[in-house]
Every structure is written in C-alpha cells, then in structure tokens.
Amino acid sequence: MIDKVVEDIDAAIADIHDGATVMIGGFGRAGQPVDLIDALLRHGAGDLTIVSNNAGNGDVGLAALLQAGKVRKMICSFPRQNDSWVFDGLYRAGEIELELVPQGNLVERIRAAGAGIPAFYSPTGVGTLLYEGVETREFGGREYVLVEALHADFALIQGYRADRLGNVQYRKTARNFGPPMATAATTTIVQVDEVVPVGDLDAESIPTPGIFVDRVVPVGWREWTPDGRYVGGLVDVNGQPVETGIDPHEGHTKATDHKPSGTEGTR
Amino acid sequence: MATRISRAELAARLAADIPDGAVVNLGIGAPTLVADHVPSDREIILHTENGMLRMGPAPDAAHVDPDLINAGKQAVTELPGASYFNQSESFGMMRGGHLDYCVLGGFEVSATGDLANWSTGEPGAIPAVGGAMDLALGAKQVFVMMDLFTKDGRPKLVAHCAYPLTARGSVSRVYTDHAVFEIAPEGVAVVDAFGDTTVAELEGLLGLPLIDRTTPTGG
Amino acid sequence: MIDKVVEDIDAAIADIHDGATVMIGGFGRAGQPVDLIDALLRHGAGDLTIVSNNAGNGDVGLAALLQAGKVRKMICSFPRQNDSWVFDGLYRAGEIELELVPQGNLVERIRAAGAGIPAFYSPTGVGTLLYEGVETREFGGREYVLVEALHADFALIQGYRADRLGNVQYRKTARNFGPPMATAATTTIVQVDEVVPVGDLDAESIPTPGIFVDRVVPVGWREWTPDGRYVGGLVDVNGQPVETGIDPHEGHTKATDHKPSGTEGTR
Amino acid sequence: MATRISRAELAARLAADIPDGAVVNLGIGAPTLVADHVPSDREIILHTENGMLRMGPAPDAAHVDPDLINAGKQAVTELPGASYFNQSESFGMMRGGHLDYCVLGGFEVSATGDLANWSTGEPGAIPAVGGAMDLALGAKQVFVMMDLFTKDGRPKLVAHCAYPLTARGSVSRVYTDHAVFEIAPEGVAVVDAFGDTTVAELEGLLGLPLIDRTTPTGG
C-alpha cells in the first residue's frame, strides 16, 4: 500500500545533504513551509543552494536558515523586502551568492524542468542587465532570450490538505510556487495542515497530483485554517504584527479545538 | 507651469481610461490607488501575479487571512467569480498577452517606450527584480504612473533611459502629475495637459519633441 | 457589467472567417464541442485550418465539417481511428493537407502559444521521420528538437459549467485540450452544459479562468451530466452504439426533467 | 523451441515486475491486459495520458460515462484518490520522467533500445502517431510487450529497426511470448526464457549476441 505520510518531520527531511539544491515554496510568508525549514535548520545540512522567490522574512524560516550560514547561494527574484535584513546583511558582507531571475522566468524554468523541457525562449529580460551576454533569437520579428530549465534535488512545499497518495490541495494565494516546484525536484516533501482519507479530495481539484509528491508531513492546522478566517489577530494588512483591539476569537472556533482527525493514511 | 494634480486625481484620471470589463494588473505602490477610483458603473477584474484573478480590497483587521495576499504581500479579499492558480499559470497570463492593462510605477520612461523601474544601479543596493520585467511586457497596454520630474527637477520622461532597463519599447502611455503622454510609433504625444500646462512648456522642460494631441476643453 | 454569455450559438461563431485557424478541443468524443462545430458548419466558413487531436469520428461534428469540404488542413496527432472514415477518404483522395504532430508536442505548442513562449526544445520526436531536417540541440548531453508555438484565431471548446465572467469547469477526462487551447486563440468560445451565477464555482477549482474566455454558450445538459451517470445507454465501452438490454433510465432522473435554471449571467 | 506463453501469461509475468506503489501507463492494446494481473497485495496507480491518474477498470454497461475514457477511447472508471488534469499537464508528467513504468506494444525493438511502433511505413496508410513518441520517452522504465516474431517468422527484436522509429534508445525491457529481454548498455540480455527455450536457441533465431542473465529455476 502506498503511504507517503511521514509523521516525523525530522525524518522527512533527513536525507537533504550538504551541497543540495533545495526549492522552497512560498511568496513572502504565504505558502512558506516554515515547519520544514525549521526541521532543515535542526538537521544541519549546509552549503545549500536555495531556490525561492524571496530571501526570507524577519528572523524565522528561510531567514533563520540564512542566518545560520547554511546557504551558499540564493536563486530568487526578489531578495529585497522590508523585513529581509538577514539576507541583506549577508549579501553586503559578501557572504552569499545571488542569482537574480525575473519572477516569470524563474517559475517557467521550474515548470520546464518538471515537464521535461530543457530550455525555452522568453521575451522577459531581453535587452536588460540580467541577460547581458545571453543568447537571443528572433521569432516573428521579435527578440527572445534562451532560458534553461532549473532542477532541484529537493522541494519543500506548504500545502493545505493531502492524502496518503500524495495528492495535495492548497489554500488561496498560498498555492503560488507549490505546483511547479513539486514537479521539478528529485524528492518533493510537502507539509500540510491535515491528511485526509483517500477519496476525500475532489478529483477535479488537485493542483498537485500524487505522482509529484514523495512525502507528506502533517503539521496541524494553522490558526486560521479551520474556518478560513484568521483568528490570531496578530498581523496587519502588510503581514506585520499588530494589536488590533478586536478580539479575533469572538464568534470563532478556537484552532486548538480542532485536531486533525485520525486519517485513513496514517491509521 | 504650476499645475500639478495629486496622486489621487491622477489615479482617477487613469482609471477613467480603463474600460468596463478590462482585466488589469496594478503594480505595487501608487498604481494600487487606481482600484479606488474605478467608476462605479464599470466592472474591472484585478489580477495579482502571485496567483489570483478578481482580487478584492483590503479586509478589516479581524478578517486578515495570511493565505490571501497581493503581489505587495498585503492582505486582500476575494470577490465572487475569483480564481486561484499557480505562479506559472499567472505569469503565462502576462507573458501570453492576456491582460488588458498593466499599471506600473517608473523611474524613467524613454521616448520609445523603454521602461526603467527595477534598479537605480546604485552599487550598495540589494538587487531585486521580482515580476517587474514580466509585468512590463505583460499586457496589451502598459501604463506607467509616475511624477514627471524627480525631486531635484530632472525629467523622468527622457530620450534614453540612464537607469538599467526593465523592458524595451513596452510602454504605451505615461500618466504624470503634469500631463498624460502617449508613446506612439511617430513619437511622444501629449494627450492631456493639466490646468495651465502647455505642450510648448512641456517640450522645453523635457527637451523632447512632443506631438500635440490634447483635446481642447470647452471654455 | 461583464457578460460573456451568448445564448445564440450561431451568433457566437459568426465571426469565424474563411481561412481561419480554429482549434477544436476534445480527445475522441470526450470534450468535443459538437454544438459549436455544428454551428460552424451551418455558418459555412471554409478553407479552414483545424487544430485538434483527432480528425473526427463517424459522420458528426468535426467529421461532418470535413465531409462538407470546409477544411483545407488538419494539424493533429491521431487522425486514424476506427470511425474516421471521412478523414481517411479525403486524405487518400489528396483533398486535405495533414500536419502530423506527436500529441505531447502538439499540446505543448498550444500551451506555449498561450504562455508567450515562442519556441522550446523537446525530446519527443528526435531522430524520427516527423522531425527530419528539424533543428536539434544538445542540453546536458541529450539531443532535443526545436519546436515552435502554435496559435489559432479561434478555439472551440466544450466545458461543463461556466459563469458570465467566463470561468469554466470541465468534467472528468473531457477536460483534456480545453485549458491549453483556451489560452492559445485570439477568440475563445466555450460551449457549456450550464451557466451558473457568479460565485457558484469554487475559486480553488477553475481550470480555465475567465481571462482566457471570450464567449460562453449554454447548450443544455447532455444526457449524463445531471447526475454524472450516463442515462442514454447508447454507447459501449468503446463509445460505439449498442443495445444493452438494460433500461438506463431506471432509477435516474431524466435529463429533460432538468432545465438549467435562469442564471445570474443571463437575467 | 515450442514453448510460448499466452498473452495473459505474459501480462502476468510483466505485472510481477511492477512493484507496489508504481505509477504506470499502459499503452493501447495488449499492454492494457497488465492491469488485470497486478498481484492483489500491490497498489499500482494507472495514468492515462488523456488526463487522469488512478484510473479504474471498465464500468458495466449501465454506468458508461462518455466523459470518462482512457487513451484508447474506451470507457473507464475513477478510483478513490483519482485526479484529472489537462493534456499539457499529462504529457509534462511523461516527458518530465515522473511515471515509473510505461508498457507499450511494438513492431520492432533494436538491440540498443530503439522502438518502432507507430508506423509500418506503408504508402497507403493514414499516418497517425498520437502519444506514441511521448510515451516511448515517458517513464523511468519503458517496457515493450510484443510477440518475438511476426506471423511469417521474422524477428521483431533486431539489430536495427527497419520501420520508422518512434524513439531512440528508450526501451529498457522487452517482454515476449518466448523470453524477457533487458536492453543493457553492454548489450541485450535474456533475463527469463520460458519453458524449454534456451539462450543459444534465441541467439540463433534472432541473429543477435545475447547475454545470459536467466536465473536457473530449481529442478
């Protein structure tokens, strides 16, 4: 019987080796697989190449991995954010290598790797600093740059729900890089709020079919996921911690009242 | 040439040029103001490149959902008829020319529609491009919304960009605090000059030949 | 207000011009937009280039369009089927041009057109008759052929449900070519069983967002769609007409008892 | 060399080589028989390239659903845990190397793993390729299931294919009515010869050097 569920998050990432290329999903904080990243930090693998849209927020998750000196190189589109002080410091100190890729080319390189396309032509970046010296070619009178696929050894992704076959659903804009990254790594590891019995996920609505997933790690519901409404009241519209003065729990079930039920996949 | 209009007025001026039913991506910063000025009889569909169509306005503080953000990483809401998709699909929409309008900020726009808006080229800066280069090619019409002059008075609509380019020849219109410009094959045209601003004045200040396509307003 | 619903199917396809390139969705009979094809036949446009996986079944739909002499060229992967006698006859008589493309390259060319990728490299077809004389290139020591994007003027697609914004859902394996074709045509026209009010479709489950769709034509439920169980009893497992001896309507609601309700989109 | 096993026996022999949990695409024709012979303690996931994973067996006549078919355009069913996706995604799975096994029919296989199975090259035939070329590259292991000889006795495992190629060097194993062959970098190996068939006999009939990797069975 197929059972991709791994309850022990440390075991789930234990084969990530020094020097590995690791894709990390997420756009800003949405979809960032924070529990997997924390496990990777505990695990201790270093000399990593990280492929991720951003280069960490605050002092947690990817930022903590960077702070610990585990990352040799970042491949990303937007390392500079208002809370990316860890990356900023390393970069200015010359302690980290950066490959800057326009976001659309970055995700298309990832998608291409997963789909067996070794290279493609893109209009994005033609005539810019980022593609100086890169081969170009005309199609229909317009100029395009040649862009190569981007593979990884591991992909770490945050999903919402999954089954033991590795079928994964996402939640809202946290989907972002999950589906393409899941296809582009030799080993794909997905943390989810909940593992559900096989057959519970609508077959018409599986952005990441199990064929792309090697391990599913249930980490428990996040504060807002049981009823789709954030009940932590801890971030403002910019994702920054605030005191709102509103009791966010009023009229809501507390997250801790929900425990993911025993699942078909883990029985 | 004392006449300048405010950011809000400019957003309203730009919003008036976006027709009913258009699919629009509003860049981070000033362009997001456009959403607040869409005439109430028009239905505009907002695209956010992190993977959503039919994005709604910011929620109140009790309804912030960390899984539902825009490209500026701010909390947003979902309108009826929304759809979520992955980044590959989202940038395919842009690169494939499916968006009707894209509104971006700019450091500089050239007379041939080159855009510079991702890097000032400063040696100390952390480079970051995000979706800027994709967005600059990512719509049938690319509108830039910016002040016409820097704080120290240098024009931002120029013969050739000095800053590193975001994209070549992609801008169709430039909305500024002094005037609205169209980048046409035959040159830069003024389609709207605000208040007492004249095309001749603009030519002098910018040092660029300008075509006068302003529509005389009554009075 | 956006309203892409066109009740009159003849009006919906009236701008398809002589010489147009038209993509037609479907794999075999599943997903074939038969009502739109019938309307195109009535409309009378000729000298068409048709992009479709197959070249028609029996005497209906695409086969009828071929029979009427409206098609100059077929771009497809598998014209030869056990019921493709119309195409077979035209091809043997030299009355139709054929561009044969491996199915994966065909759909990737369509997807590329929709995603602004003018060309890509593919491993499929290297060293075969179909790619003799085509440019090849090595990546990582393996050889690939250069394949260009495939655009169309129109795409005709069969969906299941849609709203007035053009969001489309499909049903089971009838999804097939619908989503990529919807992205690759200047004008995309989708026939659906039912138009539903905006907000009724799950935002997490929209294979074709409205941005890709120009017109939605409700054609009424097919025999099997109301309860997901075929109640016609008219085809066997090979899709061929049979008498089963079973009363297929027993225990089922008759299709004609369901009428798509008045929708938000068409009020 | 009188020993030949039946199609059903061959399907069972091949099915025995597919491990629990594998994702498998079964080509049209004889390969579909493999599904009926998967040992009951193994969970195999069937992929059909028209856009589905976890395909189930044919329905009874009253439950035929025209929207639910396999690549051979026959009615099938959906097992729990199924997923539907479009053709682009489906062929990306194959081309991207995500399938574990693909089982195909063949006209000819060469000693270096070239496969010919899409065209006999006859002048009068309607050419059709479908997903054959993608499938032939579309899995970590590509198994071909075919008779070892044509009806008029010519070998179908050959030094070089005479028929137009489907793909070069992609076949890993060949399952025939007489023996199972492995296409190895060092040459063609016999891993299983049925009944009284010997490797020496096969070498003579095929005119190919063969490596003997048969496992002696007790007795």
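Just so it is clear, A, B, C and D label the chains in written order, and each chain counts residues from 1 on its own.
Assume a residue touches a chain if its C-beta (ideal position, glycine included) is under 8 Å from a C-beta of that chain, and two chains touch if they have at least 3 such contacts.
Computed from a predicted model, the values in this text were never measured in an experiment.
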Ordered by label, the neighbours common to chain C and chain D are A
Could you let me know which interface, A-B or B-C, is made of more C-beta pairs in contact? A-B
Rounded to a whole Å, what is the gap between the Cα centroids of chain A and chain C? 34
As a quick test, compute the distance in whole Å between the mean CA positions of chain A and chain B. 29
Between the Cα centroids of chain B and chain D the separation in whole angstrom comes to 55
In chain D, which residues are in touch with two or more of the other chains? 78, 84-85, 91-92, 94-95, 137
Multi-chain contacts in chain A, i.e. residues touching at least two other chains, fall at 108, 115-117, 122-123, 170-172, 203-204
Please give all chain pairs that are in touch with each other. A-B, A-C, A-D, B-C, C-D
Interfacial residue positions of chain C with respect to chain B in the complex: 1-2, 113-117, 163, 165, 167, 183, 198-199, 201, 203-204, 206, 209-212
Using the touch rule from the top, collect the residues of chain B that touch chain A in their complex. 48-52, 58-59, 61-70, 73-75, 78, 84-88, 91-92, 94-95, 119, 124-134, 137-138, 164-168
Across the complex, what residues on chain B touch chain C? 20-21, 23, 43, 45, 47, 53-54, 78, 80-85, 91-99, 137
Touch list for chain C against partner chain A, complex: 108, 112, 115-123, 137, 139-140, 142, 144, 148, 169-172, 202-205
In their shared complex, at which residues does chain C touch chain D? 27-31, 53, 77-81, 84, 87-88, 91-92, 98, 100-105, 107-108, 110-111, 122-130, 170-180, 207, 222, 224-225, 228-230, 233, 235-239, 242, 244, 246, 248
